[in-house]
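Below: one structure in structure tokens.
Read from first to last, the chains carry the letters A, B, C and D; within each, the first residue is number 1.
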Amino acid sequence: MGGPELAAWLREFARLVAANKDLLTALDAAIGDADHGTNLDRGMQAVVKVLDAEEFDTPAAVLKRTGMTLVSTVGGASGPLYGTAFLRMSTALGEEQSVDAPAFAKALRAALDGVVARGKAAPGDKTMVDALQPAVDALDAQLAAGQFLAGALQEAVRAAEQGRAATAPLVARKGRASYLGERSAGHEDPGAASVTLLLAAAATALPGEA
Amino acid sequence: MNKLINDPAGVVADALRGIAAAHPDLRVDHEQRLVVRGDAPVRGKVGLVSGGGSGHEPLHAGFVGPGMLDAACAGEIFTSPVPDQMVAATRAVDGGAGVLHIVKNYTGDVMNFEMAAELAETEVVAVVVDDDVAVQDSLYTAGRRGVGVTVLLEKITGAAADQGRPLTEVAAVARRVNENGRSMGVALTSCTVPAAGRPTFDLPGGEMELGIGIHGEPGRRRVPLAPAAEVAEMLVTPILADLDFTGGGVIAFVNGMGATPLIELYVMFNEVAAILEKAGVAVARALVGPYITSLDMAGCSVTLLRADDEILSLWDAPVRTPALRWGA
Amino acid sequence: MNKLINDPAGVVADALRGIAAAHPDLRVDHEQRLVVRGDAPVRGKVGLVSGGGSGHEPLHAGFVGPGMLDAACAGEIFTSPVPDQMVAATRAVDGGAGVLHIVKNYTGDVMNFEMAAELAETEVVAVVVDDDVAVQDSLYTAGRRGVGVTVLLEKITGAAADQGRPLTEVAAVARRVNENGRSMGVALTSCTVPAAGRPTFDLPGGEMELGIGIHGEPGRRRVPLAPAAEVAEMLVTPILADLDFTGGGVIAFVNGMGATPLIELYVMFNEVAAILEKAGVAVARALVGPYITSLDMAGCSVTLLRADDEILSLWDAPVRTPALRWGA
Amino acid sequence: MGGPELAAWLREFARLVAANKDLLTALDAAIGDADHGTNLDRGMQAVVKVLDAEEFDTPAAVLKRTGMTLVSTVGGASGPLYGTAFLRMSTALGEEQSVDAPAFAKALRAALDGVVARGKAAPGDKTMVDALQPAVDALDAQLAAGQFLAGALQEAVRAAEQGRAATAPLVARKGRASYLGERSAGHEDPGAASVTLLLAAAATALPGEA
């Protein structure tokens, strides 16, 4: 696959974020400051505008502009985290014109590493890492077992969903929710929910056999 | 919502226009939402950049000027600015001696400033302020929040930069201020974020929220309203328990949260001073007023900073900003 | 009643103790309830005394110091001090060049200061400040109230006294400031007098009281809440209608009533500046903040002062008080 | 009569003010700042303490200390007005050891003149002058017509009461009430009410045949 396919993925993610904006914000209202949906939607709308307006030489260029746009428009905690994720993916893809399944998986792991490097969250801290990490692991495992990208991504979505759901009972140790201490338990983490949408968008929009 | 505003979405932009109109010494970049010293960059001086969500005025824009900050980045209400703003601020104040970022410890602020430092293409050192003793178990949280010490740190570090000290030394001064300062706050009412239009938390009559941050975050606990003398005890005791302030003087800072009138802050200062005297802590300097606020929240915070002769002389050095000004 | 106080009857005494603890440069006479410059009387300098009911902080005690007032008398909340206090203040600051009394135009203040002048046994000239354009038909009333101009007048007259000018000249400067300044205020909430324990007036949600004084007196009229741009029109229009401010610059002062955060005052300043620009009135200097308050009232007032070069240079002269400080 | 009789008058006035404190404050709440009763009661309690504690050489000395005490303790508008009234009475009495009816009437007119000089209120401005002036006029007229002091004072009280009642429909032109404009009409003036108590105290406490 190439830049246009990645752009389709980002457009689908933007659509899902817009559709789930209020849900994400409601999750953030419970344990944060009620802006995660607004923040991410603002950022992804800006990304769609950039995708509409610009031409890109490489797949990496698409992701680089996406990361930069998110960094410049989202703010808060999720801006640098999502921004870093896309920038690291872009770097991982290098100058190649075509992205195959292993390259995509490698890029997604780079994204995870970027989020961890930026946010220093460990698994179980009740953050987006708790959805992203199992998804990346599942993707790698499926591809190693010979799955096509489509099936591997479907497994990754399931892993993300499980990770998201598993954040509910946790006590937050990172981000704004951590100030709530015990009172943060009982609610799903908004960042884990939005990451799950990112995976779902990939499963829907990326070509299955790449 | 009883506010003197136009469109809730335009509050930050409108206020920046007001700052520009009122303070011709300052340069306001309305697109990037920066307030910059009119004569920036100052050749050979370390540049000081801070910033954060809006709604804490005069922090940070009101502290831009000779002897304090070189630039402040204004985010949306209670939302960290983005790295572009910080990069632009860093460039605007880079006089060739490097730039110090003063960052309040909130995940968003820390990460955005981190990215800005990576993108800035100049020598940047960041100092994170985390003085709020209300956050317990800081190993298991995002850490203590940056509150009242930020004001004192920006003044003192600004004076160190003004003396022409190199970036590492200026940063060391900033870290020393952070390590030696502690704060604790109380809210008698919630604040109302303009875009939300209603109070962030409900506070029943006759109660107050102890250990609040500056964004309407809930506090340590909810307690019945109490006389000023008892409120002062509730704020000062955890501070004194956290750090030994005896021997040597302190800068004592009683801060208003936005809707508390000065007469009450002086009533509080009297009680704080009495507690310190009993505890054997000498007040070397005082600051009383609304300097780091939380929109229209009623309440106050107390900040104590251990101050040796160097810190006191940096505190006393001339400063010329909209909100703190002396000797200049 | 959400206030950081102890006994409501002791608020003024407690606040004076807080002022004494925070500002060692000042001498506080707790019995007479005076705040006096530490180095008073200054030989050969005209002494400046003001005072009035408490609840307007920082006015007046926060304006005591070199370049501004020599002494301030604190009455009970919203109640004029008595002549004994003013006589004691007058004696404390009499450096042999006479004493100027700066009196806000309220019947009680005027008469108590008058008696004090009669009893003072030194040369006293009184200047009465009456700048509130909200009081109409001032021939048929106790006259316009003294509000925002008081702050500017105390600063400017203090600078004139500092230059060693004789009493008649200092008084003439004060009168000139009063004649060239006008104010108008608006309340978004009532204030609550501590001893009363409940708001002085009821203001239904969605309304504001236009043309208020600084004691919770009712205003000219009650109007629906409006965007800042319209509120600014309602305040500035009657001021411009009352006095010709075109040609020459003005000192533009947007004042907070006690519970209005600075971000809103800057939003208001932006609107005021825009109206002035359209009206051909140049802003030469700006002051934005809570300087003459009405306890915990939310709202603001706008003051304009026609300022020629002399007034501007007196405004710019050094001042060193708790609430206004520059160049010193 | 001498100092002790004047002191008895002042004590009776203090008693009436205390008894009517809430009424006076309620009148002031309607058109002022709800403190006239509190103010005057604070002052007259202080006067009673002074009368208890001190010795006085002359009748004038009693009134002088009364005026000074009121000035020092009342504040607001009524402090200087009542204070001036008693100080002017004191001056009018001079060094005489005994006060006869004409001397008392002359002193009361001096008090009125003092109040007018201090407050610059004209009759009809809705102030204490509207009760004090008719009372002083009545006293003079009665004495000129040969009445004893007791009867003359009773007429003076009636005149004060009428004057007080007549303030109700007026629009205030002096003091705090004047800011209310038309809205000040419909309420009696608190200062006119307290002055009526001063006259009533005189009628009760002063010797009838002086």
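Everything below uses one rule, namely that a contact is a pair of C-beta atoms (placed from the backbone, for glycine too) under 8 Å apart; a residue touches a chain by one contact, two chains touch by 3 or more.
Here's who's who by UniProt: A, D = Dihydroxyacetone kinase subunit L; B, C = phosphoenolpyruvate--glycerone phosphotransferase.
This one's a predicted model, so the numbers in the text were calculated from it and none came from an experiment.
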Practice problem: Averaged over CA atoms, how far is the centre of chain C from the centre of chain D? Could you give it in whole Å? | Solution: 33
Self-check item: Separation of mean Cα positions, chain D and chain B [Å, integer]
Solution: 57
Quiz item: In whole angstrom, what separates the CA-based centres of chain B and chain C?
Solution: 28
Quiz item: Linking chains that touch, what shape results: line, ring, star, complete or other?
Solution: line
Quiz item: If you go through all the chains, which pairs of them touch?
Solution: A-B, B-C, C-D
Quiz prompt | For the chain B and chain A complex, residues of the former touching the latter | solution = 75-76, 78-84, 106-108, 111-112, 114-115, 135, 137, 140-142, 145, 196, 213, 215, 217-218
Quiz item: For chain C, which residues count as touching chain B in their complex?
Solution: 2-7, 11, 14-19, 21-23, 54-55, 57-58, 62, 188-189, 205, 208, 225, 227-229, 231, 258-271, 273, 283, 286, 288, 290, 293, 295-296, 298-300, 320, 322, 325-328
Quiz prompt | Residue ranges of chain A in contact with chain B within the complex | solution = 33-35, 39, 71-77, 79-81, 83-84, 118-119, 171, 173-176, 178-181
